[in-house]
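For clarity, chains are labelled A, B, C and D in written order, and residue numbers in each chain start from 1.
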Amino acid sequence: MSEDILRHRYTDGRPNLRRFHQARWDEPIIFELSREGQRGILVPEVEPGIRERVGDVLGVLPEKMRRKKPPALPELAQPQVLRHYVRLSQENLGTDLNIDVGQGTCTMKYSPKINDQLARSPKVTELHPLQPEETVQGILEVMYRFEQILKEISGMDRFSLQPGAGSAAIYTNASIIRAYHRMRGEQDQRDEIITTIFSHPSNAACARTAGFKIITLYPDEDGYPDLEALKAVVSERTAGLMITNPEDTGIYNPRIAEFVRVVHDAGGLCAYDQANANGILGITRARDAGFDLCHFNLHKTFSTPHGCGGPGAGVVGATEELVRFLPVPLVEFDGQRYYLDYDRPDSIGKIRPFYGNVSVILKAYAWVMSLGAEGLRQVAEIAVLNNNYLLHKMLEIPGVSAPYARGKHRIEQVRYSWQGLTEETGVHSEQIGLRAADFGVHYWTSHHPWIVPEPCTLEPTESYTKDELDEYVAILAHVAEEARTDPEKVRTAPHNSTIHTIDHAPLDDPSRWAMTWRAYRRKVEGKGEA
Amino acid sequence: MSEDILRHRYTDGRPNLRRFHQARWDEPIIFELSREGQRGILVPEVEPGIRERVGDVLGVLPEKMRRKKPPALPELAQPQVLRHYVRLSQENLGTDLNIDVGQGTCTMKYSPKINDQLARSPKVTELHPLQPEETVQGILEVMYRFEQILKEISGMDRFSLQPGAGSAAIYTNASIIRAYHRMRGEQDQRDEIITTIFSHPSNAACARTAGFKIITLYPDEDGYPDLEALKAVVSERTAGLMITNPEDTGIYNPRIAEFVRVVHDAGGLCAYDQANANGILGITRARDAGFDLCHFNLHKTFSTPHGCGGPGAGVVGATEELVRFLPVPLVEFDGQRYYLDYDRPDSIGKIRPFYGNVSVILKAYAWVMSLGAEGLRQVAEIAVLNNNYLLHKMLEIPGVSAPYARGKHRIEQVRYSWQGLTEETGVHSEQIGLRAADFGVHYWTSHHPWIVPEPCTLEPTESYTKDELDEYVAILAHVAEEARTDPEKVRTAPHNSTIHTIDHAPLDDPSRWAMTWRAYRRKVEGKGEA
Amino acid sequence: MTRDGPMIHPYIPNSVPAIKEQMLQEIGVNDIEEFYEDIPTELRLTGLMNLPPPFLSEIELRRHVEGLLARNRTADEVLSFLGAGCYQHQVPAVCDEINQRGEFLTAYAGEPYDDHGRFQALFEYTSMMGELLNMDVVNVPTYDGFQAAATSLRMASRLTGRPEALVCGTIGRDKLSKIRDYCQRAMEIRLVPYDPKTGLMDLKSLRAMISDRTAAVYFENPSYLGFVESQGDEIAALAHEHGAVCVVSVDPISLGVIAPPADYGADIVCGDIQPLGIHMQYGGGHGGFIATRDEERYVMEYPSRLFGIAPTRVPGEYGFGDVAYERTSFAQREKGKEWVGTAAALWGITAGVYLALMGPQGMVEIGEGIMARTYYAMARLAEIQGVRVPLFHAPHFQEFVVNLDQTGKTVAEINRALLARGIFGGKDLSREFPELGQSALYCVSEVHQQRDLDRLAEALEEVVR
Amino acid sequence: MTRDGPMIHPYIPNSVPAIKEQMLQEIGVNDIEEFYEDIPTELRLTGLMNLPPPFLSEIELRRHVEGLLARNRTADEVLSFLGAGCYQHQVPAVCDEINQRGEFLTAYAGEPYDDHGRFQALFEYTSMMGELLNMDVVNVPTYDGFQAAATSLRMASRLTGRPEALVCGTIGRDKLSKIRDYCQRAMEIRLVPYDPKTGLMDLKSLRAMISDRTAAVYFENPSYLGFVESQGDEIAALAHEHGAVCVVSVDPISLGVIAPPADYGADIVCGDIQPLGIHMQYGGGHGGFIATRDEERYVMEYPSRLFGIAPTRVPGEYGFGDVAYERTSFAQREKGKEWVGTAAALWGITAGVYLALMGPQGMVEIGEGIMARTYYAMARLAEIQGVRVPLFHAPHFQEFVVNLDQTGKTVAEINRALLARGIFGGKDLSREFPELGQSALYCVSEVHQQRDLDRLAEALEEVVR
């Protein structure tokens, strides 16, 4: 009898580490694949009847407005274009492939294929946004229904589905806060937005872009947002509070309602960054804590895929008082038909063209409709269970800690620290991540600034099995052990990825950086056109 | 300035070999991923109204006909099923990914994505084959039009689109030959089918399955089918001739018309295996050489993807005299509507359920309609150009030869021999192929028996660029060189694939082979149910 | 072609004249024509073929093809009760996602090294089918259920060296036609009469017909006419008594609730995997399975590829390869068993995905759910005067015969009237089984809601009135 | 939920009670409730949310969603002449194939090691856009063309330290609204009047308005109203004379035939990539590009991610990474430039695939083909009495204004009548540009055949009669 293959795959009943290697195609830059004259696709020819009538139509362009020579795009036949990109795709690690708990705060949950399939229907993709409303009743109904769902989930009174992603939604909130104070004649006076350091950086950045000064609160000793600090900074200059909760640490601010009250009392508005509301769906709602505004990332909480960084959608909810400021148009229903209401004089106007990322909205709608209230609550509960399970396991790795709120549980993610390991071995969080890549998983340190030293943020969502969480922890435990026994291996990682350690220096050097192939060719060779 | 990365990618202006590694996920068998209770998809519930009416419906089954316990299928949630199979897919090398010239005779050409897209329309996928004809006029028209195209390409009078792939079409031809002789009362007498050793093995195998004795001709010194040998074997026992041309060697039989004549004179029929007609589309036609029957593989010549080994389609063409024998039904058009004609008393009957692999047929139709007559001819010409270019380059590799027809050109593929290299180094063709896998390409030795020693068959089709052909040759040249300088490296290949050298012994040992996981578990562990 | 100059096609990279020239030069040839030197002039086509003008841009091609397809009305658009060998079921999106991946879709016949994924996916498919069927050996799919049945019989004939198969009389006539053609020189196919009341095989006739010439006794479960053949154990025993092989064709979707044929004595089990996550495609979604016990004499009779698991030189790595390759026509040409070739591997992978998604519970629920809907539909139709349903007194799964003799109308007439009401009525059996009079074969699955079945009942009532 | 027992959902593997139990035990906690200890009771929702009952099987979900969508009539089904910022073009199947690949679709923000493919694909996208635009720096896409224009203006404001932008008066009102909101606290937006005959920017007014307060002069090519702004060189020169930045928004599909703005002096070029292989999606297919010369002061003002190429420790390996990451809000929070976040990367990859497929020749042909169709359409409509087309005397690309004042009918009336004939007429401009009277913006592209344009002309003739 042959030896049992399985015998070598497990040790003490646990699976051994995956012997992973990422696809490595060593692909050229697409310009290198170009051969003069090849065509990737043909465009419909101008019919003779048209040609006869219009003649050399380019002649109508003044000489200076005519392109002198065709753009120097690569010339490839279709199979080669396809092959190039399929190969590149294999060198990319989507959630479909990996135990994607390492991009904490990003909510890398499962994006159901059925929803993608539905959103690919020509009944969605081939709609022009300016079609007569009577020809788009279906998609308007989807948007309308989804708004009702969002209202129930958040307690807010109306939603705009327009913003293109989370930060755009945060900006929208800032713009609404600005409009509110302008309406009250306080726009010049109220120019400060308060946020916390463990709120997503976009809260600070978007508010700043909207013209506000930013006041950033730091946590108290236990890692909770500091109520006393808040009280110390509110004033008649306070335009509003813009925060995440649970914060990036995974810690829920138990005094959130009081935070809101303090800001309200000072005359400010409160906007809740619920990009990631995964752990509290059906558990607690923005409105109940007193918020005036909130937003969700459909590409996080609502499962739509991240698309390498978009398209996503950030939906903005407002209380009755602020509805008037929401972007135009809103989707309305008169009992008979759905329509777009542009007649909203106090609106902040447009945040993006048309009505939002409609395919994304459709996917999110389908996702909710496949779960219902009970399902959404289970999403939250299991996400939180997974997170606390992971926390429990992670803390068993020597050298790992979870600063703050010790002994408490976390909601949806945890910001860990490898400080202990770094002190012991000199190996840094980032290096641990690159070595983890050798086992086929993502790993993300954390947003700057690194208040938590040598951080990493893990967020398991509801989508992964216990076995997968165990595998992820086993990988990190293994790498931590390596940091002790073979630190060079960790420091020189990755070894099994598509490529090896990058020399980052040119990327910060204006004389060497190159954001296009033409710039690169010019800089390294002095070739190419300027 | 940074050093030019490109400098290290080329030597003497030619790209260096690709530093390839195939995705390696080390995936468990899906049963290992099972955890009790998990669900991958839910089925619609029985509505209460139905439930009330029917009650415990399983009660109608006699006890012995009820399944005692649920099948021991794995239990996985949906993301895990998806992830498992996406990972497996990355461990597979489709034509979309590699320079697929190494599976010679298989015509691994580009399968245009637009055709896949069209065939995925619900207007195709959601049709039931027994729908009233008036509700399937569209798909019937596609089938009808495609038949007209096939008639023009082959010169034959009618086609059946029914057989599921090439060998099924060959079998269909054999069955028609049988029916023809039966109709003439010669069925017992005419029980011999003649084929050639360089015709695809299915010609021999399918004809044998249809009850014929097989006579196999070997080539003459120059590698051409031997006319004298044919003359020596034809007789009143001859039912027919079933051959490929060009043969697997890529050599076109210039006396093909004479072959046909000799067999006709002996009272036999001639069936032309045109599975791969890629090199002669628009150049020469089955009918013109006198054939009575022919078939095409839509999954080769007509570009439809191979699907890991089907679905494909083998369409069978017949001359007027033999049309009556074609499988039922044929698609007919009365000037107004398309319909299925079952009223064909002499037909051999059904070869498969319904009418064929309709999605495959649609893709092939779309492919022809995107090329037209000029395009098809270019397919042939460029495929042949590519093949002869590859031949020219291959012969520059020391140790490679292309037996037969020396100094002549080939049509669509070439059967090469590494005999020289093997004699010099002891490295065999198969080992060369496994080492070639380390560079991300397929390589196939050849069908058995190996008349050509240490064979490999390459077929570049029209789909690959000159650069790709050069890369393929460079890989083989490199491996051949390695066979001399580092034969151990070649012998122990692959090194950069998903897995390493397999121990094949258990696969031929009844006490150890295992075609299912349950059998494997039982055999290695004595576990599981018998 | 109205474009100027030579055609440079996106699918043909080297159609660029300069590249062509360069390649010809390197070969040392002046003209592509020279490559065709072996083709005699009299066989050469002069000029271009007479084909329709092409649609060179995708948008024109799409317009043309979608324009044709727009004339179809699908079983999604019309309420369909058609089955008879091709079934409308839920197709999970993950099934499509996997079988549309270029890696699987465009691969073919590579080595287990570069195509490890295909080997593992198909090994897993056969392994899951093995569980469903309670059998240890399952083939890489052959073309379809017809082929699987025909090959199963020929396997039986080779195993026994006998020249005759006894086949249940309720087999569909198309499948019978396939089997007859396929077995023509190998064995005689004789139909065993069925009991006109129950549809079940008439065991008395079977006893009379079976002999030492009998290679196989073949029946189906559920039968083509929808009822469950509940005498499986007796038929198998009879076959075995006479040294024959018991071959059963089965709809795999029934096996969550109905006993797998191996449990009542089948030696070879075959069928079609189309119901397992594969779109109907106008009959283009078929794949055939054959399963047996893991006995060498059975294994050696398979014509199909059989993928087995094996170690590699790295401990703990799963390798795969062909089991007993020497059986095949690839290895042995006409000395192999029947033949092997391109068949339906992608559907095998897909069915594997389907079974992995469904799991044990899913298969139980779908089976039970189909039966519940079937019984509801039968009950509703039975209320209609003049409609006899089910025609056979036996348990049913998914399909049932509706006899309309007493309505005074033909099935064709009734189906036309149903179509006018947006319904595809059951398959007309009046030519296939004239002895059943004006009968139609109705099919119900988990896609049907109560209101669909009610709608059918109401429409039929109207129509027969 | 009518299923018995706890819900075990396919999307939530650990919803299996036994697994849940086991995990709780390992953690040492009795109940999931404990994890929520930090959430005050008064903030806790009691009971379930009031949401519609779910469709737990895919087939039910599909039926529901497709049922809703069936009420849409698409621009494929109706003959459409709508543009105004969202365009119907040929979308090559390869574009869809690539952006549907799970590896790209479900990835996010990994390191350049595990996500090498994303970095390379986006670097290639920016590289090809660079060729099209004749510029050396292109960003990883921002949300859409509106955002790209608004950010370009703020970049100009930061570059110059000036508080005002002069914007062509023909800008679409939605885009203007976005820009006004976005620049509210950063700069004032002033509209430069246009010549009512030609639509071109009124240079006299521009000269009068421009000053050392002017950060940017902004215009579009082709303009929102379809004509080509042919004074680009003069406008750019004027801007530069006054130390201002010249910002041009451009439709990339025009750049095979129309000069890229860099050639006539633009400093920042922006626009939307939706036309490059991305489906309209009811306005959900947008992505914004911003391009500049490779000058440090420009580069440092981008808020977006910029992907650069770099060597790795293995010679000849391409590595990629963020250029000047410290600019960004990821690195610097409010001290970064505006902000960066999820935007439209997948459409960037897609547009790259599109440009790689099209190549130089494709871009020339599509540009020329669109112009030819545009001129044909204008000529055909101009034959109709009472229809003034094009309203502006200037070269046109793709879009043009049709004035209907002399028909005595409103655009709304005419569009309703066209719809009844299966046509989406041009966008009604009467509220957006009241000064143009009853005018509509028609859009023509390579999807239109001669017979479509003729059909439009015939229908319009009928309707205005």
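As a working rule, a contact is a pair of C-beta atoms (placed from the backbone, for glycine too) under 8 Å apart; a residue touches a chain by one contact, two chains touch by 3 or more.
Given the structure is predicted, the values throughout are model-derived calculations rather than measurements.
A count of contacting C-beta pairs for A-C and for A-D identifies A-D as the more extensively joined pair. We define each chain's centre as the mean of its Cα atoms; on that basis chain B and chain D are separated by 44 Å. Remark: chain B and chain C have CA centroids separated by 19 Å (rounded to whole angstrom). Multi-chain contact residues, meaning those touching two or more other chains, occur in chain D at positions 9-13, 19, 56-59, 90, 92-94, 96-97, 101-102, 309-311, 314, 317-318, 357, 446-447.
For chain B, residues that reach two or more other chains under the stated contact definition are 2-3, 5-6, 9, 19, 22, 26, 35, 38-45, 76-80, 82, 86-87, 90, 96-98, 110, 112-114, 116, 463-466, 503, 506. If the chains shown are joined wherever they touch, the resulting network links each chain directly to all the rest. Here chain C touches chain A in the complex through residues 2-3, 8-13, 16-19, 56-60, 92-94, 96-97, 102, 309-311, 314-318, going by the rule given at the top.
Every residue of chain A that touches chain C in the complex is listed here, in rising order: 2-3, 5-9, 16, 19, 35-45, 48, 76-80, 82, 86, 112-114, 116-117. The touching residues of chain D, when paired with chain C in their complex, are 10, 57-59, 90, 92-93, 97, 101-102, 357, 446-447. Chain B meets chain A in the complex at residues 1-6, 9, 15, 18-26, 28, 32-33, 35, 38, 77-80, 82-83, 86-87, 90, 96-98, 110, 112-113, 440, 463-468, 496, 503, 506, 511-512, 523-525.
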